[in-house]
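Presented sequentially are two complexes of chain A, the first with chain B as partner and the second with chain C.
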Partner chain A sequence: MTRYLLRRLLSSAITIAVMAVLVFFASRVLPGDPAVIRAGNDATPELIARIRAEHGLDLPLYEQFFHYVGGLLHGDLGTSVRTGNPVSADLLTFLPATLELSLLAFVVAVLIGVTVGTVAAARAGQWPDAVARGFTAVGGSMPSFWLALMAIFVLVYSLGLFPSPVGRLPLGTSAPPRHTGFLTIDALIAGDGALATSALAQLALPALLLGMLSSIALARITRTAMIDALSASHTRAARGLNLGRRHILLQEGFRNALPTIITSMGFVAGHLIAGNIIVEQIFSWPGIGRYLSTAISQSDLDVVQGFVIVVGVSYVLINLVVDLLYVVSDPRIDLRRAG
Partner chain B sequence: MTTARMLASARPRRLARLCGRGDLGLRLGLLLLAVLVLIGLVGPLLLPDPNATAAGQSLLPPGPDHLFGTDRYGRDLLARTVAAIRLDLVLGIGVAVAAMLLGSLLGAVAGYLGGIVDEVVMRFTDALLAFPGFVLALMVVAFTGNSLVFMAVGVTIGSMPHFIRLSRARALSERELDYIPASKLAGSGSGGIIFGHIMPNTIGAPLIQTTVTAGWAILDIAALSFLGVGVQPPTAEWGTMISEGYSEILTGKWWPAFFPGLFMLIAVLAFQLIGDGLSKWKNS
Partner chain C sequence: MRRKQFAPLVAAALTGLVALTGCQGGSQGDSGGRSHSFIIGAGEVDGLDPVQTKTMTAQMVVANLYANLIEQKMVPVADGYLDGTDEYVNGIVENYETSADGTVLTFTLADGLTFADGSPLTADDVVYTMRRTLSEASYVSGSSTVFMHISDAEKQIMAVDPSTVRVTLDSPAPAVDAFLALSTFGILSSEKGSANAGANGAATEFFVKNATPSGPFTLESWNVGESVKLVKNPKYVHAGDVYPEQLTILNMADEDQRYLALRNGDIDVALDLSPRLVKEASSQAGLTVHSMPSNTLYYLGMNPKVAPFDNKLVRQAVAAAVPYELLMREVVLGQANPAYGVVPHNMTTSTAPSEKATQYETNAERAKQLLAQAGVRDLTVDLSISSADPISVDSAVHIQSALAQAGIKVQIKQLADADFETRSKAQELGFFVANWASWVQDPFFQMRALLLTDRATNRTGFANAQFDKLVLDGIAEGDRATRDQLSAEAQRIVIDEASFVGLFTKNMSVVTRSDVEGVTLTDDLLPRLKYLSRK
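== the complex of A and B ==
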């Protein structure tokens, strides 16, 4: 296990290093001059030259590269032009809002994905399966921002089931003292039950939407893995031994499908990250996704670079954890033989 | 040779049978796509100019004069939604084909040559896979400035890694087959083998993946436009139109965002169904 762990850590580290190089070259070598983009529409040559000097863009490429790598190793992701803060500090400020939303969405995604996939597999070829396949086909083709807008129209504007999409708290409400950065929890710590409820109400619709959209891949993979497990010979043996529906579905089916299901959590994380950028924009959610889209519209390039690196690193780490969980969840995997 | 010829003649018949009565999803997908293409080709000839504004006709609900209603500037939403079919389908298919060609070539070269080339290409692919495709596209557009071409390039790069992996895996098994050394003996170089043997024989799976990718590309392109970095207004494009309809939703006017999104859903669903149907056919 230790050897496997070390090898996976090493390969993750290499991926992250290649990624950082890729991002650097994307920002410098792609045909777009960062100084010109930063200077905006009414750029004078003097302004462009000043921006170049300020950001070290007039140095030779290899020197810029060493500055960049040196900065990264110190956790320096550059400075946001818009807020004037270090990008890393800004990301830390906005991260809890994104995490609170993403964690709830993740729970929703796992609940929907695993349930839909399991039910479809247990009733393969029958109507619940057809409904499930319709759900994944339409869900997988759904433009997330369109679904969000339509949900706002029907559920917020017409039926009034959810509060207006104005961010983490209703307008005119002030946030509880910051402990965890999760408003629902901070409000409970402050002993303000009403505030926690309204924070949860703001959170509900974006989390439901994000979770539903991220559940599609999981539902598909769960269905396939469950069908495979339920048609395997050990399941036939269990049926022959008359071990009961419950045992067959959970022990023979779900337990054997579990490693595959866990592996697909990486997909869910990918969807959450991409979906976050859109959903935060629509629900005025002050997380890192919204920080990024604002930065892009204002050509705040250090922010883009920092965001991409942070997201890339977390994605690599999530996949590392998923791989390790896969090994743990399947006792048949013999790491000594795998090398 | 005879087997190859049998396969060549059997496959289209099997495909025809599948389209005829077999897979419902594939038939539905092909039908939806055909209808969309037809509307996209003929529609703009019959409908008013998608960019014609009309004072006093702002935000009319769907009705007999304007089937899909009008937007803030009094533009006919049916004309705009239909005009966008050409742009979105061409962009989506173009991006998917470009990603397939580049990705399969890289994958075939890496798989066939092996060694250091393989190592470099796969490290590069792993690094690309460390981002969701959409984030990758967003990064490229942000660094190159707003332009249609670079948005397409960004989405292409974001869609490439799957093709690289897919065709590398096939190339790895293909190069072990006996005819490859035979071809080498007959004097073929690496280039000849990659283009003449490896790519033609491994392109099946990537081709099927291309249809699904076209759908995803349409979603990514529209999402970029929605964030304001892809196609710029006043061009009629589904994502841009939905973005323009965003502020209208909050005042209860649903139609400016609804219709372009519905068309986009149909287009992506069509590609998805075709892709699923084709891969079922290939595995049958």
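== the complex of A and C ==
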């Protein structure tokens, strides 16, 4: 197990290194000169040159690359041309908001996606299956920005089921002292249950929406994997042995479909960290998605690179966890051959 | 038995979330309980340094945190808002004198001035601020130095005594008052600045993240990316005239969400809504729309260095084919006025015969004749626009259609905003739609920014030595009558050359709950929030 883990860690490190190189050169393809944009409308050639020098943009590309790699090795993701802050500091400011939202959305996505997929497979060809397929077809065809706006209009402003989408806390509420950056947890640490409830309430609608959108792919994959498992020869044998509906569904179906489901859960988790830009914009959620959106519009190269690195590392770590979960979920996997 | 427990468990978890939030439901009503506090839906605050911030929301926050020597005089107008005049009233000064030759300005500060933290505000703070704004640490030093006629701030701005500041100008500067009233000249604490001088000696890092308020409000909190909370500064020299006790400025990036929140009474003021939402708001009970004529000028640029726009007749043909009235009606839904030349009708010295006159008349036949004179047939051109600006995008579609009637085929090129900014400022685009709003209502400021040869914001590539001379002479000229004459001549050149074709001036729209009043229209388009009150 240890050797397997070391091999996976090594391959993860190589993946991250390749990604870091690619993202450096890819971000140079972004249109626009960050120094011109930062200098603004009263720019002089001298001011633009000074900004370029301050951010190392006047150096030859290979020198910029070495500075970038040297910085990465020291955990330095560069400096935002727009905010003037270290990118790592900005990301640390905004990342907890994204993670808190993503975690709750992930729970929602797994609950909905796996449940819908399992029920649809168990009742394949019957009305629950038709409903599930309708859910995935309709949900998958709706643009997320439209769905988010409609959810706000109907669920917040028409029915009053959720609080106004004005950020992580209701208006007039002060944030608890920062420990984790997760407001629900920080509020609990501060002993303020009401504040934690308020923070959770603010989280609920964007998390439900994101979770529901993410659950669609999970539901489809779960259904397909379950149907495959339920029609396999071992399941037919179990049916012949009259092992009972529950055993067939969970032991023969779900357990054999689990590696596939875990893989798609990994994709969903990665997508939730990287793909919140629209929901964060519409719900005034101060996460890294919104930070990236502004950075791209300003051609803020270090921020774009930093974001991709952070998200990429998250993906790699999630994949690592997924691989380990394979081993746990499926004893047939031979560690000596895996990886 | 246990099998049946699974589905209810999932359902319970989901309904629990909804139930939890249901008891926290939206306010669903008016802004009751906020008689002296206001919530404003706006954009992002990118910093607090008056000479570094870039976003309009940050500039608005700064304009309300810091006091100026003088302020633009505001008067109520029939449309229900406060309009900035071309007069200036005392800010933190009790007396302001100009020497007979117009070159020496003497400011006497009011007695007992302090910053919000109680530390005294003296002439040293004024000198520190002015020198800093005119220094390399400032992103606005270039135009400020030129228009205030201060070539050496260290020598020309002096503290005579703790309550007196003397500014010696190189020559009389007609725009100096307008500059002194800008947020970039809001008075900072020299003590805090000196104590936190930082790498560039100008305390940039300190002032980007911290405020030393001297104005109507003080900073209670700034949750980066989320909100800024301001509270009334009881130590402000005119604190008695400040109505709001508290302001919350929310970063609501999505305009639809700002509008919905306003409709629901969650916020009191929504800034920067599109013409579509402003129009919708105008028919909503409980909301008031202030659509205020501004100098935000949309224009068509034709680069005379890029074929076929190197031919003046082609430029004039395009100018004759543009559907000006249609753009105002269909793109900005009537929330605009005609643009006559580079100097809008509401800016001093504009040569517009009336506020309804357009620079060129739409006449497709005339456009065809001009093209024939130019010897051009089957013309195909690229029209570049920033994809981030829906008004430019919509305008381009209508221009494309109108030019087709004149025999010009237009291909619309949508560029990423950063790409558009960079390439247009490098004068690489031959044909484009852009916009501009001057902070200072001075015709020479406007013309210098937009058309002076090789200015950073001259996107058209326009270069005309006679025009440049007129503008530079106008900047240096102290006599108003002579300035009027220079400005008129320069405007005529621009109209004749047709490199820069004004499309319309878009109104500044602010939508509020109906019980809110005190919306302002200042020259710099930054709302002054001390005037906000409830009916």
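In this text, the second predicted complex is superposed on the first by the 309 of 339 C-alpha atoms of A that agree within 3 Å, B and C clash if a C-alpha of one lies under 4 Å from a C-alpha of the other, contacts with A are read in each partner's own complex, and residues count from 1 in each chain.
By our rule, a residue touches a chain if its C-beta (ideal position, glycine included) is under 8 Å from a C-beta of that chain, and two chains touch if they have at least 3 such contacts.
Worth saying up front: this structure is predicted, and the values here are computed from it rather than measured.
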Which superposed partner A:Gln251 touches (first chain B, second chain C, both, neither): neither
First (chain B), second (chain C), both or neither touched by A:Val316: first
Which of chain B and chain C A:Ile16 touches, first, second, both or neither: first
First (chain B), second (chain C), both or neither touched by A:Ser198: second
Partner chain in contact with A:Ser297 - chain B first, chain C second, else both or neither: both
First, second, both or neither for A:Ser329, with chain B first and chain C second: neither
Chain B versus chain C as contact partner of A:Ser88, first or second or both or neither: neither
Contacts of A:Gln64 with chain B and chain C, given as first, second, both or neither: neither
Which superposed partner A:Val138 touches (first chain B, second chain C, both, neither): first
Touched chain A residues, chain B compared with chain C: C
On chain A, the residue positions that both chain B and chain C contact, one per complex: 30-32, 34, 36-37, 149, 152-153, 157, 164, 281-282, 293, 296-297, 299
Chain C residues touching chain A - in the complex, by the definition given at the top: 3, 6-7, 10, 13-14, 17-18, 20-22, 24-28, 39, 44, 46-47, 52, 54, 136, 139-143, 204-205, 208, 221, 223-227, 248, 250-254, 256-257, 260-261, 263-264, 266-267, 388, 415-419, 421-423, 425-426, 449, 456-457
Of chain B, residues touching chain A in the complex: 25, 123-124, 126-128, 130-135, 138-145, 150, 215, 219, 222-223, 226-229, 238-239, 242-243, 245-246, 249-250, 252, 254, 257-258, 261, 264-265, 268-269, 271-273, 276
Interface residues, chain A side, partner chain B - complex: 11, 14-16, 18-19, 22-23, 26-27, 30-32, 34, 36-37, 137-138, 140-147, 149-150, 152-153, 157-158, 164, 270-271, 273-274, 277-278, 281-282, 292-293, 295-297, 299, 301, 304, 308, 311-312, 315-316
Residues of chain A defined as touching chain C within the complex: 30-34, 36-44, 47-48, 50, 82-84, 93-94, 108, 111-112, 115, 119, 149, 152-153, 156-157, 160-168, 170-172, 174-175, 197-198, 200-201, 204-205, 207-208, 246, 281-284, 286, 290-291, 293-294, 296-299
